[in-house]
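Both of the next two complexes hold chain A, though its partner changes from chain B to chain C.
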Partner chain A sequence: MNQNVRALVIGAGISGIRAALDLAEAGHSVLLTEKALAPGGLLLSLDRQFPDNHCGLCRILPGDITGRVWNACMRRGFGHPDIEYLPGVEVLDIQGTPGNLSALMNRRGLKVDPQKCTGCLECLKVCPVSQPYPLAPGLGQCKAVHPSAPHKPDNWLSINPDACTLCGKCMEVCPTGAIHAAEGNGPESMDKLSLAVLATGVEYFDPQLHNHLGCGHWPDAITSLDFERLISGVGPTRGVLRRPSDLGKVRKAAWIQCAGSRNLKLNADHCSGICCMIALKQALLAREKGMQCALFYMDLRTPGRNWQKYLNQAQQKGIRLIRCRPHSIVRDPGEDSLRIAYAPAPGEQRDENFDLIVFSVGRDPGYKLPAWAGQEGVIVTKGSERVLDIAGSLIAASAAAGRALRSFSDSCAQPGGEAYVSEHEHIHPSVLVVGGGPAGLSAALSLAEQKTQVVLVEKKDHLGGHAIKSMVPEVREQVLELRDKVQKHPEIEVLNEARLQSCTGPAGRFVARLLDARGHKREVKHGAAILACGTNPSRVETEDPRIINVFDLPEKLLSPDAPGNSSGRTVFILCSGTRREPADYCSKVCCQLALRQAIEIRRLNPESEVTIFYRDIIVQGDDEQLYTRARSDGVCFIPYLPEKPPVFQAGEKSVTVQGVDPYLKEDLQIEADRLILASGVIPESASDLARIFDIQSTEHGFLKEADVKYRPLDSVRAGIFVCGSGRNPVLAGEAVLEGEAAAQTALSWLARGRRNWPGSFVRVKTALCSLCAMCLQACPFKARYPDEHTGAMAVDALACQGCGACIAVCPNKASAWAGQEEEEMHELE
Partner chain B sequence: MHNFTLIKTKGDPGRTVNSLLAGLVEKELVQGVLTLAVGPFSSLPMPSLLCSIEQIKNSSPLAPAAGVSAAVHAARISRGPEKFRTAAVLRPCELRALVELAKLNQARLENLVLISMECPGRLENRRYLELRSEHPDLDVDYYLHPDLQAEASGTCLSCTDFIPEYVHLGICLLGLDLKQEIGISWHQEQGEELARVMEFVSGQESDSRRQAIKELEAARKNAWLNLQEKTAQEISTPEGLQKAIGDCLGCFNCQRACPVCFCRDCVSSREAFEQDPEELYDRGARKGSLRLPTDLTMFHLTRLAHMAHACVGCGQCSSVCPSRIPLADIFRTTGASTQEELGYRPGRSPDEPVPLVRFSEEKDT
Partner chain C sequence: MNTQDNLKRHPGEETGQDLNVLALVCNWCTYTAADLAGVTRLKYPTQVKLIRFMCTGMIDVRYILRCFLEGADGVFIGGCHPGDCHYLSGNLKARVRIKGLRPVLEMAGIPEQRLRLSWIGASEGKKLQEELTGFTSEVRKLGPASFRQMHLV
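Our next item is the complex of A and B:
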């Protein structure tokens, strides 16, 4: 471990834990502070996560055969030999310069020692304080001393320092002396920190404080965070959905989207991004329990390659989707349930009663980062600026860890340690990056700036991908800057016009074969590969110059003789080729691009008319402002239903677009001078790459990650990483972030080669092996191979991830858990 | 079927097949033949590797016996180098077992010419010897007298898979006057190649053949459904299963005879099944008495769990059981439902992956 680098990570939610792990895996020493006692942050109160609706709290921690760190449930606590975890510590300020930061921290409150606590709960009886239950404030009160997180055993108590009056009664009554004022309570300074990563996450909107639609007044109108606790098996009602007001059974529930988001009255001109998916998940969970569910929404935002399917599933399971914003919630005298008044269409007023109303809350518009977040040397994770989903938070955290290390790279020597003991299992210390778009460029540069050799392979004759033609000047500049740095960096070899042919070899000792620009054969040895192949626009099959692909528009838009550029009518049709089979996914980039173009057309020609036919405008975060701006600039938006998309016919004078007016329910005809189709993107080279690198691809041909939530940039094969649009359509800025995160993940993997990797999870009893090779076929990680020396199927210790599939298929128990003989397992009972 | 020809038998279909096999060696298509032959010390035909033309011409490829499953031996022989190419004459169930073994890397089909026949069933070993003493020409008579065929093993009489599937050369016996002629069918590229070299001329199949196949199918299916229903009923409860295997002696013959059990060293013969005296006393004291040997239910359940998906229904387990436990009925009944659940037919084709390696939680549950 490199003791020179001492990193501080603030916040032990998943972002903080991920950043801390990345820093530690790269060989640095890490301090991880958390205001609460339990690690895990918000995630601890979320029992189940989409898309499989299972819990995944064990999936974030890395596996390690020695048992130092194990894929354990995070609810049991958090431990890592290279991370010092400081619970109950709040960071108040950071000062200094990178390499020599000092942090002012505050250790607060009483502590309960889980080693001494017997779980007798006498302290709860004497505690005079009553506070709203911190994990679900809408759902009742608890004492200042309370279980530190759901699912925790009773001896994991925590005392809320904000509520505790320090009366000391609990200390008196505790029979084992487990409660004590933590030594060194109070402010404390920590010096000589190399860098700091701020990963505290955002604050969520509290509709009660704003009396949003009467929330706070009606106990049965709760927030989506409260709902997670209500439906939890260890929640206040043990998972039975009951009305908080009278514990009556819930038969019908409604979700109201965008509470505190997309609301100009609240000064919230942002989309929180994750609430649509969370609401769908919650409705699906409630539906499983027999509830009738309705979801009130404006646009259902299911961005990227994964979530459209989940939405389809929700609809198939009978979740009602109602596109409108309810205007009031009332309770009629004598009624148990709440009445939502809403207008599904102009002039149509409807009332409907619900037992439970859930407000989907996102980022509090009033949330601000602390002032010291701008301090040089403090890197803020994206997840602390806006709400991100689990995968997004983890990607942002890895990227932040990388940025932190790079900001400090001169004094940051290669993490030390001896070369790995066994020669044939040594990881080659270089990385092959495939694809020279924003993701590939940023991955290559991040690696190079951390002193790692990179070979960057690009199919085309130039770097930068589609992003160098971006409409957004900042994106163009960012990508061009990346390109220049990559081209100049001595650690990076760029191979343009290269054709990859194969990649063979065991994990960490890969050999790629390719043809370079001159058609010469080349072999590239590498220890890790980052596949960042990107996507291409779907083609629009037409000869008519008035019908244009949204991705081709920017150039044509800027030319003065562009058709319709005078004062004509422009019509956009969004999702014209996607979000339905055979491309049943969202391409993510088209909506924001169309909005930018619409705004630009109106700016260039205030006389022109712009109409956008859309299914859902899917923009997230501050891109919401594009939507707001387009509407206020006079762009006309017409939603359409997937079963009735607008049709067009190219005539002599104009392109006739026919749709349905959703409000008048009448046919609508527009004679357009120009029709712009958003036909989406397709991952053209991803399936080839998947084949070459022997990893999986999705049904639509995107590169598939090992775990869509918790290991978004790992492939199932150790040492092979995926990022960028070829995995999941992303905007250029996100692609840059994914590239950085993939680089960091790859560096952690390379660092394994420098450490004493403890060995394999699986032991092979060679005398029993019949060489049936079922293990080879069953192994998702390509970690089993026939060993000519032993005449048995061997295990590649570096590739093995301990899933046990080979052990399960081996009829003969020739494959067995290393160090866990059957007899020992029986003894555990 | 177009790839079909008739060959005159001159009264002995077995000899006709012998000549055909000898032809394969003479034309150097194979180096040896694996088929049934009677040795000098016993009248029971056993799988034999025959290399001389003379021995091949004296073999008994159609003898209604299968002392052991030839699949295991075909698999073993096929694992040699390429210069040893063998024509293996197998019953359809043995052929299926061989295909299963090939999927598990226990056989190399490319070293084999696969020959199989329409199988009226085999006799149990003891019965074969008894009948042979009454019928010196049993191997011919068996095909001519339905009452002799009715003596076949119980498993065979309820077997519906009596026509070989993954085969290069098929010996066609049903619906033909075997005193006059037998049929040969050929399949796959290898079969085509053999037919070309052996100069088979394609001919038409008669309606009487189709009719005979249909009738046998109907009779067998009927017998199987009755047996399946009866067995399923018997083993539907844990007690029922324990009763069905209650006479087990723990000899593990069934495991050794099973052609698809391929482990080098079965778990049943390892430490997990070892009898530790202290533990025996412990269990004995708890229950008052302990039947020995113990853990036989576990043994059979383990075998069912491991092999039900791959059971080819050859009946060897029943044949070798000294307690006459109807193990094959239990295996075939369990196997049928497991295989149906998994959409898997063992032995159909080597390209069909074994369920364990292609199982997907999403698709199969």
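Our next item is the complex of A and C:
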């Protein structure tokens, strides 16, 4: 371990844990601080998470590091020998220079020793304090000492320092002496920190403070965060949905989207990005319990390949989606339920009663990073700037850890250099990056800056992908800068116009065969591969020059002789080829591109008319401002239903577009001079790559990750990583982030050789093996292979994850759990 | 100590508890759910003994048969929900295997109600309690297993 670099990670939510793990895997000592008393952050209060409605935090944690595979679930704790975890510590300030930062911290309150606490609850009987129970919002009171998190067996009581009066009664009654004042109570300074990663996450909007639609006044109108506890099987009502006001049964529930987001009155011109998914998830969970669910929304934002599927699922399960922003919530005298009044169309007034109303809250518009976040040497994860989903937080955290390490790669011996030249003879210390788009470029550069050899393979004759033609100057510049750095970097070998043919070999000893630009055969040995192939715009089949693909428009837009460029009419049709079979996914890039183009057209020709037909405008985060600007610039937006998409016909004088005005409920006909179709993107090369590298791909041809939430950039095969649009459509900026994160994940993998790797979980008795190859099929991780030397099926220790599937299928009992023979399995104690 | 001794020495024989129910559960989901059930102080029948496996996919049918042969009255198998397996498809493998085992059990005179496969996620402590309680009372209705009465093994 390199003691020279000591990193501080602030916040032990999912981002903080990931960043700390990445830094520790790179061989640094890490201090992980958490303001709360239990790690896990917001995630601990979520029982089930989209898009598969299961939990699964066990998947990110390095269970094998201690040799105790079972100790690797958030709910049962996490451990890493190089991470010092400090709960109940708040960081107040950071000062100094990179390499020598000092942090001012505040250790707070009393502490319960998890080793000594037996959970006898004697302390609860004597505690004089009564506070609102943080884990059961709006549903009763609790003492200052209370369970710290809903799912924490090892540390299950903790004391809220804000509520505790320090009376000391609990210390007297505790039979095991588990309660003691935290050491070094009060502010203290921590010096000689090399760097800090800020991973605190954002603050959520509190509708009560703003009296948003009467939230706070009605006890049955709660926030989405409160709802998570209400529906939890171990929550205050044991998973039975009850009204907080009178504990009456809930039969009908409504979700109201965009509380505190997309609201100019609150100065919240942003989209929080994941609230739509959260609401869909909650509605699905409530639906499982037989509830009637309605969702009031403006645009359902389900970008990417997984989320659209989730939306379809919600619709199939009978969740009502109502495109409308309710204007008031009232309770009629004598009624138990609340009444939502809304106007789905002009002049149409409706109201409906619901037992429970959930506000989908997002980032608080008033949320700001602490002042010291701008300090040099402090790296802020993306998840602390905006709300991200689990996969997004993990990607952002890994990218932040990578940035932190790169800023130190010159000044310290590790990481990189000798560090990553593995002592494990079986891992080759180099990485093959496939694809030269923004994701591939940033992955290659991150790796190279951490002194790892990279071979970058690109199909085309130039690097940069589609992003070098981007409409956004900042993106263009960023990608061009990346490209220049990659081309000049001595550790990176770029192979343009190369064709990959095969990749063979066990994990860590891959051999890729390819044809280079001159058609020569070439072999590349590599220890890890990052598949960063992108997508291509799907083609718009037309000869008519007036009908243009949204991706071709930027060039045509600027040419003065473009048809309709004067004071003509431009019509956009969004989702013209996607979000329905056979391409039932959202391409994510088209909406913001169309908005930028619409704004640009109006700017060039204020006389021109621009109409956009859309299903949902899917822009997230601050890109929402594009939508606001387009509307205020006079772009006309007309929503359409997927059953009734607008149709167009190219006439002599103009292109006729026919649609339906949903508000007037009348047919609509526009004679357009120019029709722009957003037909989405398709992952053309992803399925080929999946075949070459023997990993899975989705039905639409995207590369499939090992786990959609917790291992977004790993593939099922050890040592092969996926990122960029070929995995899931992303914007260029996100692709850069994914590339950096994938590089970091790959480096952790390469560094495995340096650690004392515990070896395979499965032992093969070679004499008993009959080479029937049942294990080959059973292994989900492709860790079994025929070994020429022993004449038996062997286990690739680096790929084996210890599920035991091969043990169960082996007819000769040749495969056995390492250290546990068949007979022992039958003699369980 | 082998399973047989373990079962013979079961406190049920002293306290009048009547059944031996073995629950073979997956480490990641159902065992965590059992942890959670413990933390939230949910009670499930004392007749149930949990045996932890890394994955339901590694539960060989021989283990299940052995359980019955050595005197279990019911065998409960708990794994992750489909699509949520830590090892991708172990639970599906278990499902196929158990489907194949059921007719064999019938032939051996073990009613299939004595074997239950259930998906219980890590956050579903409550469901674990319900499933185990339900399964135990179902097994109780069937009475002690014939293998156990015959003292075959």
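Just so it is clear, the second predicted complex is superposed on the first by the 788 of 829 C-alpha atoms of A that agree within 3 Å, B and C clash if a C-alpha of one lies under 4 Å from a C-alpha of the other, contacts with A are read in each partner's own complex, and residues count from 1 in each chain.
What we mean here is this: contacts are C-beta pairs under 8 Å (C-beta built on N, C-alpha and C of every residue); 3 or more make two chains touch, one makes a residue touch a chain.
All values derive from a computational prediction rather than experimental measurement.
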### Query
After superposition on the shared chain, which partner residues are touched by A:666: those of chain B (first), chain C (second), both, or neither?
neither
### Query
Where does A:811 make contact in the superposed view: on chain B (first), on chain C (second), on both, or on neither?
first
### Query
Regarding the shared-chain residue A:239, is it in contact with chain B (first), chain C (second), both, or neither?
second
### Query
Where does A:773 make contact in the superposed view: on chain B (first), on chain C (second), on both, or on neither?
first
### Touching partner for A:716 - first (chain B), second (chain C), both, neither
second
### Query
Of chain B and chain C, which one contacts the greater number of residues in chain A?
C
### Task
Considering only the touch criterion stated at the top, classify A:802 as touching first (chain B), second (chain C), both, or neither.
second
#### Entry: Contacts on chain A seen with chain B and repeated with chain C across the two complexes
778, 808
### Task
Sort out for me which residues of chain A touch chain C in the complex.
47-48, 52, 54-56, 58-59, 69-70, 73, 75-76, 119, 147, 150-153, 156, 232-234, 238-239, 706, 716, 761, 778, 780-781, 801-805, 807-808, 817, 825-829
### Task
Spell out the part of chain C that touches chain A in their complex, as residue ranges.
1-3, 6, 27-28, 31-32, 35-36, 38-40, 51-55, 57-60, 63, 66, 80-81, 83-84, 86-90, 93, 97, 121-127
### Message
Touching residues of chain B toward chain A in the complex: what are they?
### Response
104-106, 262-267, 270-272, 306, 353-354, 356-358
### Summary
Within the complex, chain B is touched by chain A residues 767-774, 777-778, 808-809, 811-813, 822-823
